[in-house]
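Sending over a structure as structure tokens; questions will come in a sec.
Naming follows writing order (A, B and C), and every chain is counted from residue 1.
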Amino acid sequence: MNKPDFLLLIDEERCKGCELCIEFCPKGVLALASSFNRFGHHPAMVVRQEDCSGCQACVTMCPDACIELYRRKSCVGKTAAAPE
Amino acid sequence: MEDRSGATRKLMSGNEACAEGAIAGGCRFFFGYPITPQNAIPEYMAEHLPEVGGVYVQAESEVAATYMMLGAAAAGTIPMTSSSSPGISLMQEGLSYMLGCELPCVVVNMVRGGPGLGNIAPSQSDYWLATRGAGHGDGRCLTFAPYSVQELHDWSAEAFQVAARYRLPVMILGDAVLAQMMEPVRLRPRGEAMSLDREWAVGGGLKGRERRIVNSLWVVPEVMEQVNLRMKARFDQAEAEMVRFEEVGDEEPEMLVVAYGSMARVAETAIGWAADEGIRARLLRPISLVPFPYAAIRVWAERVRLVLVLELSLGQMVEDVRLAVEGRCPVEFYGRAGGPLITPEDTLSVILSMAGVRRML
Amino acid sequence: MLDDLDLTEYEPVYTRPESFTDTIMRYCPGCTHGLAHRLVAEVLDELGVRERTVCIASVGCSVYTYEYFNCDCVQAAHGRAPAVATGVKRVRPDSVVFTYQGDGDLASIGLAEVVHAAARAENITVIFVNNAVFGMTQGQMAPTTLPGQVTTTTPRGRSREEGGYTLRVCELLSQVEGVAYLARRVLTSPGRVRAAKNALRLAFEAQLEGAGFSLVELLSACPTWWHMTWREAFDWIDQTMTRYFPPGEFVNWRGCGQAKE
């Protein structure tokens, strides 16, 4: 079980399934879950964590600050520039 | 110049005495807007507040002045504004927000002829606006009506303690005559600034305390109800502690005259003349209009043949007097509206006719 | 998969701003009010001023702002936030005061308040979210509604006869001398959002330096009352709204204005 360089934690109860993070992620790391949160939204979920480059496009666009980003201490230099 | 008691006496207009009284009472933040006949108040504040480290802001409108007061009160001080009738109408929403946010302040209304643009002559036609106003919702301003330049000075100072004690807006109700006439005033010493240390005060830095929210939006009706019940409790406390009135005239009157502010001065003269004509009349002058001296009037209603209410309006306080009297004796009214003054001579003839009419029965 | 990972091997790159409370915001999915809130919260964190900040909430979709920011807050009446902010700042000059207002609140009923707060060079920061409609009350025309734009009160599209012309707040305020920082930004892409955050930071720095009045206008999406998907809404902002509301920096007391985008 390899350890991903970057880790996205999504607060599924806070997410409204607006899909901005999914749209702006350059790597297709995120997608809507088929499950519902208690507000009846399909929350965003991480589907390809290993492809995350740490560019922060998702946390930049999230209107509800649902996403937190962590980086493995050993790979500080590998963060990608954020897209335009 | 100094009088025997060492206090400084000074010939001042009502406006200036009122402003100086506020400074003496601890006012340090004033938000004003020009409107005759109260202009000398913001002018005085602009000139003198800086002497005590205070701040004068001229707002873009009476509406904005009221919300600057709301912000200042939220930050902990007891702020002040002053205006005249049309401006006070504009302030009603803001005062309602002060009540909803449970914030104190002091508002001076130098009443002028109305309604509408009206004129700058004296009037008492804002009695309802003052005592039943304060915008939408329950709640109104504690209201005090001085009848001399000295009382304007004293009540303007006192208003800050009253506002802080009851956490309510306090209105000083004057008129164009009181605002502009000049009388000697025994000046109160300039006391300390009103403290900013309030349980609700925002902006002083969290420093380990919980964050504070000053707000009047309560979507849950039961919560909004609690805000109202807390406010009512404070009004009830003021009702018990802040009723103020004065009486002068015959000890065994056949007639009670009720008048406040400038009208009371005229009535006082007329009652003296009436006594020379054998009419036993007594003047009861409400100073606190909210809380209104119902009980004191009720006592006299048991013992006099009639109560005569005199106002510079079409009759507004007369309704409160009727509430006090509750049918114990007839309540008569005489008033003029739109700005003309009622002379002592007119008042005497009214008193005589009232007394005369009753005598023929 | 996440639970068994040992988080001690990881360090935070981005976490939820401390200047946010835990309250879940009530904005519609795709609305960018929340995004504007988040940028303000991040700037307050970065400037380290949360503990002496006072947020003045206005009336509109953002009426519950006082539930979202983890600092002292005052709820102002519709349109009066700049006046309330003036009162707070004059009594507490060491506090950091900002108002958060929509286009109905600021440009309609509250236009006098914001213009005069600017003219008085009040040291406050105004966050002005422009989404071209009245949102809370379900989509009426706002002063910022565009020509031809259909709203519930311009059913035939806004025109000279019905609704009059669009108000450009930044252009108006750029004529007022008390303004230290004035910019309009857009929230429709990561790059533009970063530029918006930079503008917000400069606005708060203007206040901290006592340079005078600052305002940042943020073009924001309202998918619900524009009756669009958020994607269509973002495109409408980029292609149509920015034609009437060109983004850029209008006033910068430090003189180094970024070129208009």
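Rule of thumb we're sticking to: a residue touches a chain if its C-beta (ideal position, glycine included) is under 8 Å from a C-beta of that chain, and two chains touch if they have at least 3 such contacts.
This is a predicted model, so every value here is computed, not measured.
Student: Return the chain label for which the distance between chain Cα mean and whole-protein Cα mean is smallest.
Tutor: C
Student: Using each chain's Cα centroid, which is most distant from the centroid of subunit B?
Tutor: A
Student: Express in whole angstrom the distance between the two chain centres, defined as the mean CA positions of subunit B and subunit C.
Tutor: 41
Student: Taking the mean of the C-alpha atoms as each chain's centre, how many Å separate subunit A from subunit B?
Tutor: That gives a centre separation of 62 Å.
Student: What whole-Å value do you get for the distance between subunit A and subunit C if each is reduced to the mean of its CA atoms?
Tutor: One centre to the other, that is 25 Å.
Student: Mind listing the subunit B positions that touch subunit C in their complex?
Tutor: The contact residues of subunit B facing subunit C are 29, 31, 55, 57, 59-61, 63-77, 79, 93-94, 97, 101, 196, 202-207, 211-217.
Student: Under the stated contact criterion, what part of subunit C meets subunit B in this complex?
Tutor: 50-52, 54, 56-57, 63, 66, 70-77, 80, 83-92, 94-95, 97, 112-113, 115-116, 120
Student: Subunit C touches which residues of subunit A in the complex?
Tutor: That would be residues 1, 3, 6-7, 9, 11, 13-14, 16-20, 23-24, 41, 49, 54, 56-57, 59-65, 67-74, 79, 82-84 of subunit A.
Student: Contact residues on subunit C for subunit A in the complex?
Tutor: On the subunit C side, the touching residues are 1-2, 5, 7, 9-17, 20, 24-25, 27-35, 38, 41, 189-191, 193-194, 230-231.
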